[in-house]
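Multiple structures follow.
Here chain A shows up in two complexes: once beside chain B, once beside chain C.
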Partner chain A sequence: MSVAMKALERTQAATEAIVQRAQARFGAHRQEILRSTDRIFAWLLIGQWIFAIFIALTFSPYGWQGKVKVVHMHVWIALFLGAVIISLPVALAWRRPGELLTRHVIAAAQMLTSALLIHLSGGRIETHFHVFGSLAFLAFYRDWPVLITATVVVATEHLIRGILWPESVYGIPNPEWWRFLEHAFWVVFCISILIPSCRRGMKDMQVMAERGAELEALSENQWRKSSVMDRAATDAGAKG
Partner chain B sequence: MERAPASHRSRHAPSLAVVGAALWLLAVTAGFAVLWRYKSTPGAEGVAPARWPAQAAVARSERRATLLLFAHPRCTCTRATVAELARLMARFQDRIDATVLFWTPRDAPPQWNGTDLWTSAARIPGVTVAPDTDGREAARFGVATSGGIVLYDRGGRLLFEGGITPARGHEGDSFGQERIASLLTSGTADRADAPVFGCPLESESPVRIARAGQSITYQGGKR
Partner chain C sequence: MGGFDSNSDPGVRKGYDRVVVPTPGGGTQSLTRKQFEGLPLRERVSYLIEGTAQFYLDGRPISAHEAMRT
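Moving on to the complex of A and B:
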């Protein structure tokens, strides 16, 4: 085999090693982001649940029937429905962090929490901002399909409620079937910016991983060269 | 009992997780269904007299329409009604004289009406607030649920009766508001009533209230 061929093979092997190292670095970095975001959401969901109970206890602690007071339905809903909503995502974030199902369940739970808070606050328009804040938080995953899951959950909730109880969503008795799309449009508007941003984030991570791998390979090469030179110098010293 | 080998556990784990997710979704859907049912069930509705009752203790305006809102001072669901009343008054303050009557039992403690609901209603421009001792006026106007509204024109003719929220304790556009707005602007509306969402004013049955007010009431359901 010629010297040129050997050099080419060595270069190819080195390149392959760099590519593999870049993939490993990218995978590890991505996992780290996914796991840490899962953990953030687990705490966020627990915090939101406590907040929902606080809202119910503060603003609607009792229902009244004349002089008779009973614990308001909102308190039970905040307590039990809130617990159900966060149960699975928190369990998955704890037991299976970084997995695909975990982040999609978290996305769905985050949107359901928005719906719960909107109900508990009496449909206040200000509480609807929770939906958009949640979408921004979900973009921390840098995994755009998570945003699609969140959008589908919001749209489905509106579609079902719009069919069964239209006035609660649209304030009119017989809305057109496509009215839920008008509401979903603003969510789509929001994610249409977040999705490219997630993709760019992933690309940046990939570039970072490649550069890191190249730097690692370079420094290893340098270390190897200097070791050879050190050994040669030591041998020469011993002979002299 | 013998534990399944690790390979078996990992093979079944994804399907178990998916089944768990499906069960979770089912439980969440059931929870929201309970919530929606609660929020969309109207309270007892009465029949308001077609003409302003002569024995009413509240004065009727002869310059513009008179709106009476009957509220339980501690019903948190009625906050949404008061918020919607504020919106209505911002649009039609020059066409309506509004009074909010708070259900007050004779033996109520001194702070019975010292609630944020009373304060919020009193802050709305063009709105007067007053106690309704033992719910006498509510019975007279056939209102059994907190958040119930009656609207009479200058001549004392009933224009509208019902609620102005889309659900229990839920703000937003509603049939009631739309109909009142339509009646005040064009003089007509598709219907002259709307469901009322809120706490019952009395702990007694609506039938007894009806008898006291000499009008017919019935429990729940849309008309």
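Moving on to the complex of A and C:
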């Protein structure tokens, strides 16, 4: 095999190794972000569940039926429905962090938690802010399809609950039929800013990994040059 | 490296603004920074390993090390 062929093969092997290391660095960085965000949401979902129970106890503490003291239905809703909503995403965040399914289930659960809080507060418009805060938190994943899942879930939930029990969503018994579209519009407005931001975040991570590869390539080039110089010096020494 | 290569904003980094790289036919090709960063990572890495890319800043030739400095 000629010297030129050997040199070409060495360059190809080094290039492949450097590119693979860059891909691995990017993948590891991405996984770290996904896993840590899953853990944040696991704690957030538990915290929200406790908060939902607190809201239920505060807003609708106890009803009295004659001389019998009973716990208001909302407390049970917060307790059991809340537990149902958060149990799967919390389990996935613990057992399968970083997986695609985990973050989409978390996105859906986060929106359903918003729905629960909105219901518990009697459809207060201020509680709808929870939806927008949740979308911002979901953007921590830097994975824009998660925001689409959240949008679909919250829009569908608003549509169905708006038909079946409008007071629970909007705080009024007879809202316009298109009210859910108005809410969905603001959600779409919000994610139309968050999606490019997520994409930019991913791109920045890629650029960082590529910069690392370029610096490795420079280092490889330097090593080769110094090896050639060492060999030349050794040869000169042997001849001398 | 499908879907892995990206362009960065040329206005942010100032290491170099032009690169001359060899072409398969034996000639050379002048690329802007954005064009160079748009090349597949494999191609960029092999230019850097071989030391065949000549970087320029404001028309002045600079070393690859200087070019890669942000």
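Descriptive notes on the structure:
Methods note: the second predicted complex is superposed on the first by the 180 of 240 C-alpha atoms of A that agree within 3 Å, B and C clash if a C-alpha of one lies under 4 Å from a C-alpha of the other, contacts with A are read in each partner's own complex, and residues count from 1 in each chain.
Everything below uses one rule, namely that a residue touches a chain if its C-beta (ideal position, glycine included) is under 8 Å from a C-beta of that chain, and two chains touch if they have at least 3 such contacts.
Everything numeric here is computed off the predicted structure, so don't read it as measured data.
Once the two complexes are laid over each other on the shared chain, residue contacts for A:N221 go to chain C alone; chain B is not touched. Shared-chain residue A:A115: touches chain B; no touch with chain C. By the touch criterion defined above, A:Q206 lies against chain C but remains apart from chain B after alignment on the C-alpha atoms of chain A. After overlaying the two complexes on the shared chain, residue contacts for A:V84 are found with chain B alone; chain C is out of touch. Annotation for chain A, partner touching more residues between chain B and chain C: B. Shared-chain residue A:R124: touches chain B; no touch with chain C. Overlap of the chain B and chain C contact sets on chain A: empty, with no shared residue. Against chain B, the residues of chain A that register as touching in their complex are 59-69, 72-74, 77, 80-81, 84-85, 87-88, 92, 96, 101, 105, 108, 112, 115, 119, 122-125, 157, 161, 164-165, 167-168, 170-173.
Taken together, the chain B residues at the contact with chain A in this complex read 14, 17-18, 20-21, 24-25, 27-28, 31-32, 34-36, 38-40, 72, 74-77, 79-80, 83, 103, 105, 108, 146, 166-167, 169-175, 177-178, 199-204.
Contact residues on chain A toward chain C in their complex (touch as defined above): 11-12, 14-16, 18-19, 22-23, 26, 203, 206-207, 209-211, 213-218, 220-221, 224-225.
Residues of chain C touching chain A in their complex: 1, 4-6, 8, 41-42, 44-46, 48-51, 64-65, 68.
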